[in-house]
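Here the structure is laid out as structure tokens; the discussion comes afterwards.
Think of it as A, B, C, D, E, F, G and H in the order they're written, each chain with its own count starting at 1.
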């Protein structure tokens, strides 16, 4: 009997601490598989964020650095400038990347930093108990938008990928989703390409991954997938936002 | 090597390069701009990298990343920029990463002014960032000394896996003096087996991290770090004791202020007052012993801390003297520099009080 | 011997560079030296000044509060720094741009028409060297040759052609105080 | 025939595998693992087509699929 | 008003609202998240504004802007977030703006942990930001006290035009106790004629600023601020002295740690050791006098500072005691909490040494 | 004789500290004139940056706050949330707004903060002596790009206006120039509109003003105007980038 | 009287809420009370516990290190907190989920099939109240009515319909230890 | 006829007004103001058309134009 599917060597044996059904786990696996398949695990250095993925350094089976909140792109820059031939990636949430770390991600892109960024957009601050994120949808209830996000008060959700696509230094920006098998498979391909770009020294690549937070959305994992499809995708259209040949 | 005439800032930059620093991440701010400018010119020539970060916050985090690969790396800033770096510095300390931070102090608080000051002593020495940690802090008084301690700083950072700060001030950064570049005494430094350089399969994965969710584990790492601090106190404390034999009053002063105090000593001598000077070269670890020793001497009537601040190091002097003798303070702030005359007047008043 | 000098004028008058030249020359002669600029956000157009110490002993404070000599190249600088000259000290005034006389009589004052002399020499930019020439002549703190050697280092070999005119400027300055 | 194995101790009973199995053969067990979750299991292995949908969506890398 | 059972964080938020705070700018971080959540729910109901900033840096600068209009405004954070706010805090101090900052301390350095700690004492009390400045810092031990000092903090901030910090810890923020909300004693507060509210032509333009390019002017503003600090020291120092009459050993502890020390006092009593407690309620200004007073008593053999840190407040205790009696330290860090037994053991050792 | 041109009351009598020929002075005047003409001086609260315009609080004849470097939009937000009926504006350089203050400007825009932002792009850090800015052109020599900005090392200049135009909360974004009379007159109109928008509660308006720095560019004021026209405009195309009706 | 209690179990078992209920009830009876949760990033799914103090005197440390009583609702909690019971203290074990027995014989231990009883009452979620009932019966620290009043405040009037079943749960718990 | 007045003490001699005057009638004076700059002045006021280009470009608000 042939193995159709087994845990990638890109992950350690440590069990994830994520909530049941949280798609952070899927995203981890895809990144790890991509690295394993490209044979770059041994020269990869990952940068974990502050957010639910803070323990990513325990899961990815490669050298890791744990960055302060939002600064993963700066940390990755520090690493990559010393070790330009290694593979450097960051894994960041929407609070991390689109809020406190806005300047760092934009300037890493502007410098055309040859790194790979995995951006997990789950429309909320999972780790700290479900506050509003820059990507929280209009009307979405969070602990800091208890009456639903009001654009008059808190503005509209930011479309990071579209914004980053305006930057000359960005080589590849795509938004993908993890809400069903088909999209998971596509996400895998995109993530892999984002690493290939780095190997081929194409510059800054970022994959925005629409992801769920069943805990803070207050729904079952399955319903979270449906919520993502129905509410997030219309607000965050999937697809390649920029690709430099 | 022959002496060259250099600006303090440039001399520090050159010293760093000669100490093997190949990476610099910074952000402009007066009065330290000559450091990044020098690095921008020189580092590419030796195969290193200068990068102007988008902010001081980004700069210190680039330093974190680079230091985590084991590279010798430096950043520099002043006042507001150093404040912005506090989170990063705390992370660097918490992850036991070696690096060198230059702080060419300007006057504060707030935007303050760009003239020299020593009012960031507390921030630098007591830990401006959150949590239990210290940094080694050198406070050079001349450009030559700035060069010497900068070169040593990289070794010390590596040996103890700690950030090291060079605490200058605007005057030291902007002035020119002749300097010579001499390698410091050779230390045996361990290989950086902890560095994240890519996991080649022949060693366990390396992780650079300051998060310990289990309190007892966090406490362990902190206690181990404090054990290292004890070694640093023993091995790396530096102080200059000048003219203290038979001194009636001992001035405590560091950095450029100590040079002004030197002029005071001569002037005091002329009017028959014996003044000594204890000059901490490391302000952390603070040279407690030197103070203790003289605090126990009968000839010494009092100590006088002189600073370009409202009085910060004076607390460390008091802690060292521990009530054995009165400890006085005089200083100027806001970019004002104390004059020898002011200091001498203060000494006269103290002596009157004592007698 | 310890010379503590303040040099002051408009930005653009070459204040900083004669200060550096003097310092460099001192170093060449194996003296202890330091140079301290004033710095600020209004360097451009505003006033500029620097403190130079040249000494046989170790340099204590690089800040000059009681100057052995003050060189002023414009009027605001005279107003500001006149009082810094110590008793019996030296004040050298660029009389081309300063019509005022000093009010102090406990010091030695010299008036040098530095800009006129520079113009005569055909280079407006070397009024500063004329001033420096006068100062060196009066104090002998360093040799003219040392200054010219310093200049060479500063200008670089390629601009060595400017040495003669600078020597002339130094000499003309010296002549004014002889 | 295909074989699907679950690393039960890692399963969090999220039921995502249950929801995507085209054969509807996965369900949660009655037992509880040491983290307090009811793990998923395949009720009729013989119906399994080895599509690995379950493994693809499982966020906790619980599932191994052989064919 | 009847007592209500509330979480410390929510009680602090409610106290702020009752003190007239209408604006809150913050950013999430454990263990203070209930404060912004409470504000988000309540402020809109009273015509105020809650805004989640994009970062702590932005939050503190929003506070600066709002405080500059004369509004009562608050922010809260912890560890890394407070470090990021240091530049802003220094600006607020430098511009003499009143505001209230809540720091629910977690363990550090770096990302550290989220369990309670007191290792940000230095940062808070000595000035984690650049330049010469202090803040008033309250360190409440119970939720009731947290409520009381929070309400007072807004008055104190306004009266002296200074930032005020409420220094809690994770435990205080997360636990529940019954509280009552009582208005503090009425103060006569001047109108905020300095606020930028639009220049109506009937007053000179107002400028909120901390830049003084002329050093003597900057020095003047700093000296004036330090004169105000002297008044604060005289008028606003708060301390609880408990069981100190005839005490052999006096414990110095603040915040939740002091509650653990209370249990120690009883336990010590049982085995015949008289232990007292000096509990600073303001850690800046530090209650020097209380320590001085007991340092001079013969009965007192030694002081013991107990902290959830590697020893920070202990320096202020030493400075106050000034060598008159030995000052010892014991503490836990990293989120570990000292147990009464540990403390009692330490007391026994000290007494043995003394005798 | 009628007065054709005189100093606006929107400026105090204090002489600017700017270098000879620096167009910061022109920008100041236009902003002040716009406020005077709209009659909002008495309810205006300006926020000065850290940069050459740091002393703007001495020049604009209205209440002013001096913000820390890059944080003017956050400071303005704090003011505007307390005083929604006042007129709040920031005046920021490219180091201030496009580098250290990236996150603050983007999130002020995203919140649709009803403020007016004057963004002075002079491709360099004037105040600190001419370092590279995010807007420094490729090849441009600065003290921190001594061999000219190398995109391989430092990336490409950021087009802030184009990037901000992707943000939903932004109501009006235009790039103007001050290099000749015609463009100065147009800049005035745009700046005025940016204030009118605020009066009409349209939300976030930003005018990017291409400006000179003769001192650090090392050219005469006149040549600086030519350099701006020839080098900056092709890189930073003028015009309205976004306008919400 | 000073009761210092640790309540521990899985997240989702209602650990925090019976702790709060007990605290609230104490406050209603004008006792001094405090409630301290354990908090952490792994609250979800992981273990949860809280410390409650109900006392006639002022509450010193809110941390319970020597508990007068420990209530454990799952096995990891028994392992972790068994040792926290002070000598002669009380240990109440949810025997529905914990098959292990305590190894200590210097304390008083009670085994309550809380989940079975809750199931019998038709609501799986009130196993926690069964445990609380047993504890209150054993210590009389607060009255059952006070707990129910606290419950009313917590649930809000709209859910007053749940009071009877909660009362039953408390009573069934009490019955187990009689 | 038009009239152009210069607030000489504020002028920094940048010559931008000189460069835009359509009539080429502005030039720097020989004197020096107290900041050390040679101020601009109109050499032939009678040629001035009052277009205010000079004032529009002057960064230091030195110029007043009347017509």
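What we mean here is this: contacts are C-beta pairs under 8 Å (C-beta built on N, C-alpha and C of every residue); 3 or more make two chains touch, one makes a residue touch a chain.
Given the structure is predicted, the values throughout are model-derived calculations rather than measurements.
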Exercise. How many hops, at fewest, get you from subunit B to subunit C via touching chains?
Worked result: 1
Problem set entry | Pair joined by more contacting C-beta pairs (A-E or A-B) | A-B
For this session: Report, in whole Å, the distance between the mean C-alpha point of subunit A and the mean C-alpha point of subunit C.
Result: 62
Exercise. Between subunit D and subunit H, what's the gap in Å when you average each chain's C-alpha atoms?
Worked result: 84
Problem set entry | Distance between chain centroids, defined by C-alpha means - subunit C, subunit H (Å) | 36
Problem set entry | Averaged-CA centre spacing for the pair subunit H and subunit B, given as whole angstrom | 53
Problem set entry | For subunit F, residues that touch 2 or more chains besides their own | 19-20, 54, 66, 68, 99-100, 102-103, 106-107, 111, 127, 134, 154
For this session: At least two other chains touched by the same residue of subunit B: list those residues.
Result: 30, 49, 51, 54-55, 57, 80, 87, 91, 95, 110-111, 114-115, 209-211, 213
Problem set entry | Residue list for subunit H, restricted to those that touch at least two other chains | 12, 37
Exercise. Considering the complex alone, what residue numbers of subunit D touch subunit A?
Worked result: 2-3, 9-10, 12-16, 19-20, 37, 50, 52-53, 55-61, 63-67
Exercise. Can you name the residues of subunit E that touch subunit G in the complex?
Worked result: 3, 5, 30-31, 114-115, 170-171, 174-178, 256, 259-260, 262-263, 266, 337, 339-340
Seminar exercise, completed: Touching subunit F in the complex, subunit E uses residues 22-23, 25, 49, 51, 53-55, 57-59, 61-69, 71, 73, 87-88, 91, 95, 196-201, 205-211
Problem set entry | Sites on subunit F touched by subunit E in the complex | 12, 41-45, 47, 54-55, 57-58, 61-68, 71, 74-83, 86-87, 103-104, 106-107, 111
Exercise. In their complex, what parts of subunit E are in touch with subunit A?
Worked result: 27-30, 33, 36-37, 40-41, 44, 49-52, 54-56, 80, 110-111
